[in-house]
Amino acid sequence: KIFKDFQDYLNADHDLREEIRSVVRDLEQTAREIQTILQAIHQPSNASNATSLCDQATTHFSKVREHYSSLAAKILEGQYYRFNDHWKFGTQRLVYLSALIVYLKEERLASREETAETLGVKTKREEGFHIDLDDYLMGILNLTSELSRLAMNAVTAGDYSKPLKISKFIGELDSGFRLLNLKNDHLRKRFDGLKYDVKRCEEVVYDLTI
Amino acid sequence: KIFKDFQDYLNADHDLREEIRSVVRDLEQTAREIQTILQAIHQPSNASNATSLCDQATTHFSKVREHYSSLAAKILEGQYYRFNDHWKFGTQRLVYLSALIVYLKEERLASREETAETLGVKTKREEGFHIDLDDYLMGILNLTSELSRLAMNAVTAGDYSKPLKISKFIGELDSGFRLLNLKNDHLRKRFDGLKYDVKRCEEVVYDLTI
Amino acid sequence: KIFKDFQDYLNADHDLREEIRSVVRDLEQTAREIQTILQAIHQPSNASNATSLCDQATTHFSKVREHYSSLAAKILEGQYYRFNDHWKFGTQRLVYLSALIVYLKEERLASREETAETLGVKTKREEGFHIDLDDYLMGILNLTSELSRLAMNAVTAGDYSKPLKISKFIGELDSGFRLLNLKNDHLRKRFDGLKYDVKRCEEVVYDLTI
Amino acid sequence: KIFKDFQDYLNADHDLREEIRSVVRDLEQTAREIQTILQAIHQPSNASNATSLCDQATTHFSKVREHYSSLAAKILEGQYYRFNDHWKFGTQRLVYLSALIVYLKEERLASREETAETLGVKTKREEGFHIDLDDYLMGILNLTSELSRLAMNAVTAGDYSKPLKISKFIGELDSGFRLLNLKNDHLRKRFDGLKYDVKRCEEVVYDLTI
Amino acid sequence: IQAFRVFQNELDNRNDRNERIVKLSRDITIESKRIIFTLQRCVGSENKEDVLNEAKVKFKELHESKFFPLALELEGQDPYQYLKAFSPGLQEYVEAITFFHYVSGGNLVDIERVQSDLTFPLKTLQSSEVKTPTQSTVIDKEHDASHPINDESSQTKSQVIIPIPPSEYMLGVADFTGELMRMAINCVGARDLETPSVVLDLMRVINSAFTNFGNIPRELRQKTRVLTQSLQKVERACYTLRV
Amino acid sequence: IQAFRVFQNELDNRNDRNERIVKLSRDITIESKRIIFTLQRCVGSENKEDVLNEAKVKFKELHESKFFPLALELEGQDPYQYLKAFSPGLQEYVEAITFFHYVSGGNLVDIERVQSDLTFPLKTLQSSEVKTPTQSTVIDKEHDASHPINDESSQTKSQVIIPIPPSEYMLGVADFTGELMRMAINCVGARDLETPSVVLDLMRVINSAFTNFGNIPRELRQKTRVLTQSLQKVERACYTLRV
């Protein structure tokens, strides 16, 4: 019977979403733990041992990769965008965190390819469970506001060179984003916040110059 | 008769709520009195005698305990959440005030257990009239915004060490809250305000460094 | 001190409103009892003994007068409109009920004066606790929709003369209300409902003719 | 001074609107009185003397013409549409009333020209204070719903020929309005109500045929 | 920070339980709606008995497969903490069960009777196949004894219940009158001249009781308004039958 | 029907009076805003005395040309029936007059003082040129004597007043703190280092009183929130001056 089939479909869909939600919750929990570790970079006392914090955080990414792999196993080909609202937010946060580690260690922007690798997913849609480009960009924008905060706190901790580097880095990212033709969506809104981060860094640099 | 019984139920419910409302009004009045006393910590002239203000405020908590005990006497077991909208707000405020006193005196976070004791209620639901966890957390979030305000006013009053301690304390609380998996509710909204408090404190510390 | 005086004022206001609310609750309870009695007029079996229902209902009006007199005792001269939101609704309902009794017994509109007398209040503001004109008119509009319902139920009960009389009566009230220059307020909105009552009665009369 | 001039302009505008409002109020009062007279046509007892009711109503139109003439005197050329919200509603009602009289006496549609003459205003914008075409059409639409009501009440009064004539008349009006290309505005909405009037009349005619 | 790990655990437990209860409530709503639909069909049909028996079986399954697990979730909790989560299902169920009793017997069922259906002896069912994640933790825990409508159960440790707050019951009854209205209107279509006026009598009694309630909560006041409208629709139906 | 002609007359009278009062209230609001604007200018200027005198003259004119007619409109009425109509003007006036007293003298003016400004002896002004449509009907009518804040006027028949409900006064005071805030911020711009901290002290007193009020009506609670925000803005201003 038609309605019976449809009911089965609804039930299966519902069960699958429950499973996804459960994995995503673990994923977000791991993300929160990584973030808690990395938050310590703002503490003046930890200014010097950023590297050790990064290493500590990096170890948690094996769990992240496990979560993504069990998530990927649940999603049939061509159904990524049917469910991606569930993990969108968590992915953005993990992009931001892994990019933060890359910046802290090497003072450069993490590419989409290496970020995907750190997270244990593909870069491109055709290859399977991947990072959506929007989510990658959103994660990078979250990085900039974290760094502009770090610029200020670095001064408090007596480190006067970091703000200059950060200001330069954020300035470059700003130029990059300006090239994009963003529609009037979340990304656009979040990008408007970037201008504020740029300004904040410049003010810190200005204060240091005086 | 069915409807007669129900009318009796409605009347009893109404009368009980009136009684609860009356006790809660007294409770909130006492809370306001405590708050009025503690507001004086922002005054430059009182910067030094915070301890004496705390002692003064502490004496009012015996009244608080009386109010809670008469409230607890009215609530049957297993009906706390039937009525807790009435005292939710007052409890959040009292958590905040008692935690403020603890911070001012000992520069640490008041635990849920000792807060419950100060208010004269239980810590856990199974034990009887207790502090709902949400209300405890909400009260702590109110504390952080009060402290971030105090950090600023301390500078105005010429005290340059307090902001640094407060900034560290709020930073730690921020890490704690980041661990929680908050749903899209009041607590989540209020938690978003915490980021602002953190930033505000860091700016004060930054301004002091420059 | 300024603020102390104001707090006294607030407390007195609050206490007075509590007292008013309590009397109004009794008033509305009596109104509901009267209404319950009069609802029986729609029952086919009671079609004949409307008069006895009216007599029964009338006896409750002594309680109404008591409530109004204790309410009047609480309101200082010139403060009727400070509090009248509390009893507005109850008064409208009692106007409707007493006017319904007058119609059922004598098939005419109860005047404002006699309604005031039945309720035990004054007719005009200058004389003390009175019926606000808006409330009187609102009560009359409630009467028309009750009567248009009665017209229909009378037919069901086999009484074919009542609908004709009711239709004529409501038609006259409609003419009366059309004379009023109503602002865009509650009364205006309710008056728009009158047109519907008129139509409904006319349809019943029409159905009877066919 | 610029601002002084602007203030003068605002004040003059305000005063003029007050004057207009006052005249319009009198106009609407007269309209209400005419309507009260004509409402009597629905009463079975008056079915025969519609003509005498019309004559009675007609005498009030001299007052209407006076109001319009004093209104016209206040409106400078080219400012009709700046203020016409004030009298729009009253004019629609007076169009409806004068068209109702014409129908009752001669069973035909009152033309825009004769309606304008009855109201004492011009037909065309170029000639001065006139009837806006929208208001004329709106008035006619009000006429149709009044007539559909009359069709039903005529049956009640034992007049079986009137419903047939009215049904034919409304049918013709409906055809006429269908020719118009109405935008999605008030007129369009009101026109949707016309379909209902047509249906109602047809039902009455159907009941009579049986 | 350590304290926050405890908080996290507590919040997660609460949210999980809430989610499970919402899901059960949703299932109960759907199944109750189905039963109501079945019952509406039986009005004026010859095989009324069959339909009633079918409904009875469905109710039994609903009790065992949904309400019993729900009772276990609520066991040892403050039911009012999760009331918002299971209230929709409970109200729909009350609507269905009162309608069932009306169609089969003919009068309004009281809350005690409804409550007794939602009270489960633990010993018997425990050995059945019903399983829920929390079941094992529940046995021998004393039930919240002080719930006002269930005073007599205070000594027994061997049962779990879905406590029905009287307001929830009344809200369900209000919805039930909507079904009465639909039934009466259907009867008019079927040219059944008697049922509408019988239904009208019961609706008048209920409406009169509802409009007479004092100290009434807002939700119930809104439903009273709907009830009065339903009543007038049935009055109109009776009128139409007469004309 | 005859009764409805009486009703019509009553409704029209009430509406007309309400319209007239709304218009007076609007005029009072505009003029009060102007005075406040003038007073803000005088902060830190040399010709403070001139500005204060200018304000004084404007207040006097406002009393005579707007408040006196308003008092006549309210004479013999229940003032609360028209409170919504004149409340905006009255609150703005209280804001202006408290600000004026603060700027000239230095403290918060009490309600009795404000009330006395809005009490008009009839004999004196009656012969002046002020005219309103209802004036003739008013003379010798006894004023509503039982208004709580004006008990002592109960014997006199020779005055009319705008009764100030205490809540209206307090709402005006709340708005006044907004002006204090603006004043303090302006001082920072002008590098005036002292005024902000003086203002801050008064604002702390008022804020502390407001947050301590119990049984507070909603409108006032909202303004209290705004007041606390204003206070924090001034605190930030003081902080900025310090850093």
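Order of writing sets the chain letters: A, B, C, D, E and F. Residues in each chain are counted from 1.
Here, contacts are C-beta pairs under 8 Å (C-beta built on N, C-alpha and C of every residue); 3 or more make two chains touch, one makes a residue touch a chain.
Note that the structure is predicted; figures quoted are calculated from it, not measured.
If you take chain C and chain E together, no chain is in touch with both.
Where contacts are defined as at the top, ignoring chain C yields the following touching groups: A, B, E, F | D. The most distant chain from chain B, with centres taken as the mean of CA atoms, is D. Set side by side, the interfaces B-E and B-F show unequal numbers of C-beta pairs in contact, with more at B-E. Computed from the mean C-alpha positions, the centre of chain A lies at a distance of 34 Å from the centre of chain B. Averaged C-alpha coordinates put the centre of chain E at 57 Å from the centre of chain F. The centroid of the Cα atoms in chain A and the matching centroid in chain E are 47 Å apart. Residues of chain D in contact with at least two other chains: none. Within chain E, the positions touching two or more other chains are listed as 212-215. Every residue of chain B that touches chain A in the complex is listed here, in rising order: 168, 171, 174-175, 178-179, 181, 199, 202-203, 205-206, 209-210.
Chain E contributes residues 1, 3-5, 7-8, 10-12, 15, 76, 78-81, 83, 108, 110-111, 144-148, 165-167, 169-170, 209, 212-217 to its touches with chain B in the complex. Listing the residues of chain A that touch chain B in their complex gives 25, 28-29, 32-33, 35-36, 39-40, 42-43, 149, 152-153, 155-156, 158, 204, 207.
On chain C, the positions that touch chain F within their shared complex are 2-3, 5-7, 9-11, 13-14, 76-82, 109, 111-112, 125-126, 133, 137, 172, 175-177, 179-183. Chain contact summary for the complex, chain E toward chain C: residues 204, 207-208, 211-215, 232, 235-236, 238-239, 242-243.
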